[in-house]
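Questions regarding the structure given below will be posed in turn.
For clarity, chains are labelled A, B, C and D in written order, and residue numbers in each chain start from 1.
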Amino acid sequence: MAIKIKIPGMIKGLGITFGTMVRTLTKGSHTVQYPHVKEAPTPRARGVIALHEENCTSCMLCARECPDWCIYIEGHKYKAPPRRPGGKPRKKNALDRFDIDYSLCMYCGICVDVCPFEALFWTPEYEYSELKISNLLHDKNQLGKWMETVPEFEDYEKGSEAKKAQVPE
Amino acid sequence: MTEEETAAPEADAARDALVATLTEALGDNLVASEVKAGVDLWVRVTSQAWVETAQVLRNQCGMKYFNFLSVIDWLPSPFGRDMDAQVDQPDPVEPGEMTWGITGGQTRFQMLARLHDPVNHVGINIKADLDDDQPTIDSWITVYPGANWHEREAAEMFGVHFTGHPNLTKLYLPGAFEGNPMRKDFPLLARRVKPWPGLVDVEPLPGEDDDETEAS
Amino acid sequence: MNKATDTQQLAYIAGQAADARVNLEIETEGMTLNIGPQHPATHGTLRIIVKLDGEQVIAAEPMMGYMHRGYEKLTEVRTYPQVTALINRIDWLGSFANEVPFIQAAENLMEVEAPPRAQWIRTALFEMSRIANVVLFLGDMGVQLGAVTPVFFAFRDREFILNQIEAVTGGRFHPNFNRIGGLKDDLPKGWIEETRGVLGRIQNFCDEIETLVAGNEIFQARTRGIGIIPADMGLAYGLSGANIRSSGVDWDIRRDGGIGLVHNELDWKVWTHPDGDSYARFWVRLQEVRESCIMIEQILDGIPAGPVMAKVPRIIKVPAGESYVETENPLGVMGYYIVSQGDLTPFRVKIRSASFNNVSITPWLLKGVYVPDVVSILASLYFILGDIDR
Amino acid sequence: MTLILAEMAYWQETSIRLLVGLAAVLLPAGTLVYLFLFKMMSFMQSRLGPMEAGPYGSMQLLAEVGKFLQKEDLVPRAADRIVFKLAPFVVLISTFLLVLVIPAGPDLWFIDVDTGIFLALAVSSISVIGILMAGWASASKYSLMGALRATGQLIAYELPLVLAVVGVVIQAGTLNVQNIVMAQATGEIFGYGGIGNPFIFTQFVGFAIFLIAVQAELTQPPFDMPVAESELVTGYLTEYSGLRFLMFFIGEFATAGIFSALAATLFLGGWYVPGLDPTDGLFNVIGPAVLFAKMLLVAFLIFWFRFTYPRFREDQLQKLAWKVLIPLSLINIVITGVLKVVF
C-alpha cells in the first residue's frame, strides 16, 4: 500500500464509480427494462428459422446436413396437373411434415445455407420460450408463421461484390 | 499466404538443419522425415527413441515450448459417419485397410506430438509407432512437465501406457469408465441410439419406381 | 527440467513455506478442501482439491471432465461445415477465433485461399472476438478479488462488441461465419462506422478498468508477486498467450506465425511484461485489448473491395493429408491438427486448446500460496472450462 | 421520550420501547438495503436495479423477505443443531443492544449511561460470538474458515475502533454519548463557534480510522474475507437458508446503519444542526430526521467503498490493522491529548 505522490488509485477508483452513478442518474442506464422495452436485434440475427412452404421441395438436404439431426421431414410424391393443357401430369413432392426441434437445434444456420430453393429463412424473433420442452418442436405451420417476421436483407457495405438476396413476397 | 512464401527459404534452412541434427543424434531411430517448404516439418522416430528425441530437441534445437501430445488411431472407422446406423443394427462392419498419413506408419496407433521453438518460430511434429496390442511408450514428463495431462488424456482415450508417468489416472472420464473412447472401434452412442432423420426419403407414388428425384 | 528452473522452483517453494514453518511445533493435520465443481471462483465446473495447512496450500490437484464433450470424437462423424459449427463451442466467449485455425488448416489441405477481403474481415472479427473475450476477463478479475463493479462494466461494454459481431454474423456467441474459402456473407451497410464508435467505447472501458482495478493499491497488493511463472517453466508447460508473454517471452503467433490473417500488414505492438505474476498477466491482457482496438481501427480503413468467397465445390471433400495451424486466440495458442483421408469428414482432429495447457501448470503454481491467492491466480490464468475440457 | 414514558405503566413503556427499538433497527436496515445495495450499486454499474416491485422497485425488499420466509430452513445433517439455530439470534442481539445508546434528540434516548460509548463498543463485539457459532456449527469447511477469518478480523479491528473513539472522548471529556453530542453542539473550533464543533474537523484522522474499522467490523469489501464470495462461497453464511439467512442479512445491514449513526453521532454532531439552540425541544421532533440524514451520509461512504474496492488478503488486513491503523490512532490520541492540554 505504497501511497504515491500522485492521486492514489483508490481515490481515482472512487471517482469512476461515482461518475458512473451520476451518468446513470442523468443520462439513463445501459440496461433495458426487458418486458416493457425491447431491443431490436439486427436483421441478420439468428433467432428462429422460418419456412416458406411453397418453395420447399422436401429434398431432404437440410435434414441431412443438420449437425444435430433436429429436422424431421416427411413427404410424398403426387401428380400435379400439367402446366399447359394437354401436357403430361408432373410428378411433384408434397411436404407432409417439416418439424424443427428447437430443443436440439444449435442455431448454426447450415440448413438455411444449404437450402437450394430458398425455403428457409432466419428471423430475429426470439420470444418463443416454452414451459414444456416438447413444445419447442415447431411444426410446419408454426414455422410458416415465422415467415411474417423475416426482415428484408440488408444492403452491403461499400466494396462488396455480394448480391443482395430477396425475401419471397 | 504471401508471408510464408517470402519467409520460405530461411525457414527451410532451419527445418533442414533440424532434421540433420536429429539424424545425427538418433541415427537409425529416425525412421522418416518430411519437410513441407516453409510450412511444417514431420519426423517419425522409433518408440524407443521417443524420450531421447525430446531431449535432443529441447537441449540442442531450442524446442523449449511444449505444444501438445496425442495419439492417432489409423484404423478406419467401422461405423463410418454413423449416418446409416440404426438402433437395431449395432454391429460394426469389417474395417477397411489402414492408410497412413505423412511420414507413413506401420502400426495402428501412432504417437503425435508437437514442439515449438519460441525464438526462431519453427515447429516440429513428431510421430512414433506404437505396438498394436500393448501400446506402451516412455513418458515425456522428465523432459516437459507439461506433458503430464496430455499423457493422461492419451492414456484414457487411447489406452496407451506411459512408462514413468507418476499419476496415470483418468483425467476426463469417470473412474469406473471402461474402454478407450477415442479408439476408432469405440462406437459413438449418441449417433447410434437414434436413427438419422435424413435417412427417410420422400414417399414414392404408389406402384411406381422412385428413380426420378426432383420434379419441379 | 533444466537446472535453472529447478533452483527457481525450489527457492520459490522454500520461500512460500517459510511462513508455515511456525506450525512445526504443533503437529497439525492438513485439511482437504474441495474447491468446486460448483464454486463461484471456478468459472464453470472445474474442481480443485487442495490440501491445506491453515490457509496455505500444500498440494493442489485439479479434476476436470465435468464438461468434457468429446469434441475430438464428434468431429470424426461431422462434415467440415458441421465441424465449424461445433468448434464454436470450445471457447464460447471468443467463438469466432475458434473457427479460424480449423478453417485455415482445411484451406491448407484443399489448397484454396480466401480472397483478401475475406481475410481482412476475418482478421477484424478475430480481433473483435478477442476483445469480447478479454474484456470479460478484465472485469472478472475484479470480481474474483471482491470488487463487484468492474464486471458489470465489462458486461456493459462487451455488449456493444457482441452487437457488432451479431450484425455481421447473425450470432452473438456462436457466429459459425467462416467457410472454407472465405466467409459466409459480406459486411452490412453502415457497419464500419458503427464499429468505430464501439472501439472508442472499448478504449474508454480500458481506461476505466486501468484506474478502477489495475490502479487500485489493494488490487496491486493482491496480485503483485503472486503466482510467479518463470519463463522456462511456462514454456515447458506449454503456456501460451498473455500467460507466457507476461513472463517476458516475446512470442505472438499473430506476428511470428505467418498464418493467413492480415496482422502483418498492420501497425501494432506485442506487449510483454517481465514479472510473470498475476498483475503482469492482467496488465498484458489490458494492453492487448487496446492493441486489438488499434488493429481493428486500421482494418476498418483498409478493407479491400472484392468477393468474400473463393471458388469452392459445393460439397466439400478435403484431400488426404495432414495439416496443423495454430493462431493466437484470446486465451492463447489454439491449434487444430487435421488428418484427412479424402473424405467428407476429417479422419482425426487433434484440438490443441490453450486453456488445457494453461491450467496444467496449476498443481505446480498453487503450491505454497494462500487460499485467497488460489482464486486470484486461477482468475489471472484465465481459462474457459470449455477450452480445458473440450 | 423519557418524559412521556415516565407517566406510563411499566408494560406500556416496555412495549413502546420495543416497538421503537425494532423500528430503529429495521428502518435504517431497510433504507440502506434499498437505497444503497439495490439502487446505488446498480447506478454505479450502469443499470437500474429492481424496478418491478412497487414504484422504482421500492417494495423489492418486502418481496425478498417474503421469498426468504418461504424457503426451507435447512440444517446440515452433521451440524450442531442448537448452536446452528441459535447463532443468528446472537448476531441480532448485538445489533439491538447497539442501538440503545444512540440519542436522537435532547430527550430522545433509550438508555442514558455515563459510559455509553464504552457500552456500544463492547456490545458490538458480541456478534463475533454469533459468527463463530455459525461457522463452527455448520460443519462445513468453508463456514469454519469464514468464521475464523471473521474472528481474527473483528478482534484486530476492535482495537483501532476503540482507539479512534478515544480521541473524541478526550476532546469531549465524557463517555456519555448525549454529552458528546452536546460538546459538539456547543464547542468551538479554534475560537469559532458558528457551526459548533463537529469532531470530523478536529478529529479527521479518528474519523477516517473509525470508518475503516467499521468497514472491517461489518465485513464489507475491502474487508469481506469472512464472506468472500469468490473464495469461501459465502463463508459462515454458506449453510444458512431461509429465515436464518435473512436474520444474518438484517443483522449485517442494521449494524451498518447503527454504526453509521454512531459515526454520525461521534463525528458529525448527531441530531444537532448548527445555528439552533441544542436544548430546544424542537430537536425532539427533527432530531431523528437529522440523525437519519447524517447516518445516510456516512452509510453512503461505507457503501461507496464497498462497491469500488477489491478485498484484501487476510494477512494484509492484519498488517493494515496492526502496523498502520493502531499506531496512527495512538499518535492521534497523543496529539489530541496534547492539544487538549494546550487549549
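Just so we're on the same page, contacts are C-beta pairs under 8 Å (C-beta built on N, C-alpha and C of every residue); 3 or more make two chains touch, one makes a residue touch a chain.
These numbers were taken from a predicted model, which means no experiment stands behind them.
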item: Comparison of A-B and C-D by number of C-beta pairs in contact, larger one; value: C-D
item: Centroid comparison with subunit A (C-alpha atoms), farthest chain; value: D
item: Computed distance of Cα centres, subunit B from subunit A, in Å; value: 37
item: Subunit C and subunit D, separation of their C-alpha mean positions in angstrom; value: 44
item: Between subunit A and subunit C, centroid-to-centroid distance (C-alpha), Å; value: 28
item: Chain centre separation (subunit B, subunit C; CA means) in Å; value: 24
item: Numbers and ranges of subunit B residues touching at least 2 other chains; value: none
item: Residue numbers of subunit D (touch at least two other chains); value: 44-47, 307-309
item: Multi-chain contact residues (two or more partners), subunit C; value: 78, 149, 153, 156, 212-213, 216, 218-219, 221
item: Chain pairs that touch, as defined at the top of this document; value: A-B, A-C, A-D, B-C, C-D
item: Of subunit A, residues touching subunit C in the complex; value: 1-3, 8-10, 12-13, 15-17, 20, 30, 41-46, 65, 67, 106-110, 113, 122, 154-162
item: Subunit C to subunit D touching residues, read off their complex; value: 31, 33, 39-41, 55, 142-149, 152-153, 156, 212-213, 216, 218-219, 221-222, 370-375, 379
item: Complex interface listing, subunit D residues touching subunit C; value: 41, 44-47, 141-142, 145, 221-222, 224-225, 228-233, 307-316
item: Residues of subunit D that touch subunit A when the two form their complex; value: 40, 42-48, 51, 304-305, 307-309, 320, 324
item: Subunit C residues within the subunit A interface of the complex; value: 78-79, 81-82, 85-86, 88, 117, 149, 153, 156, 159, 163, 166-172, 174, 176, 184-192, 208, 211-221, 303-308
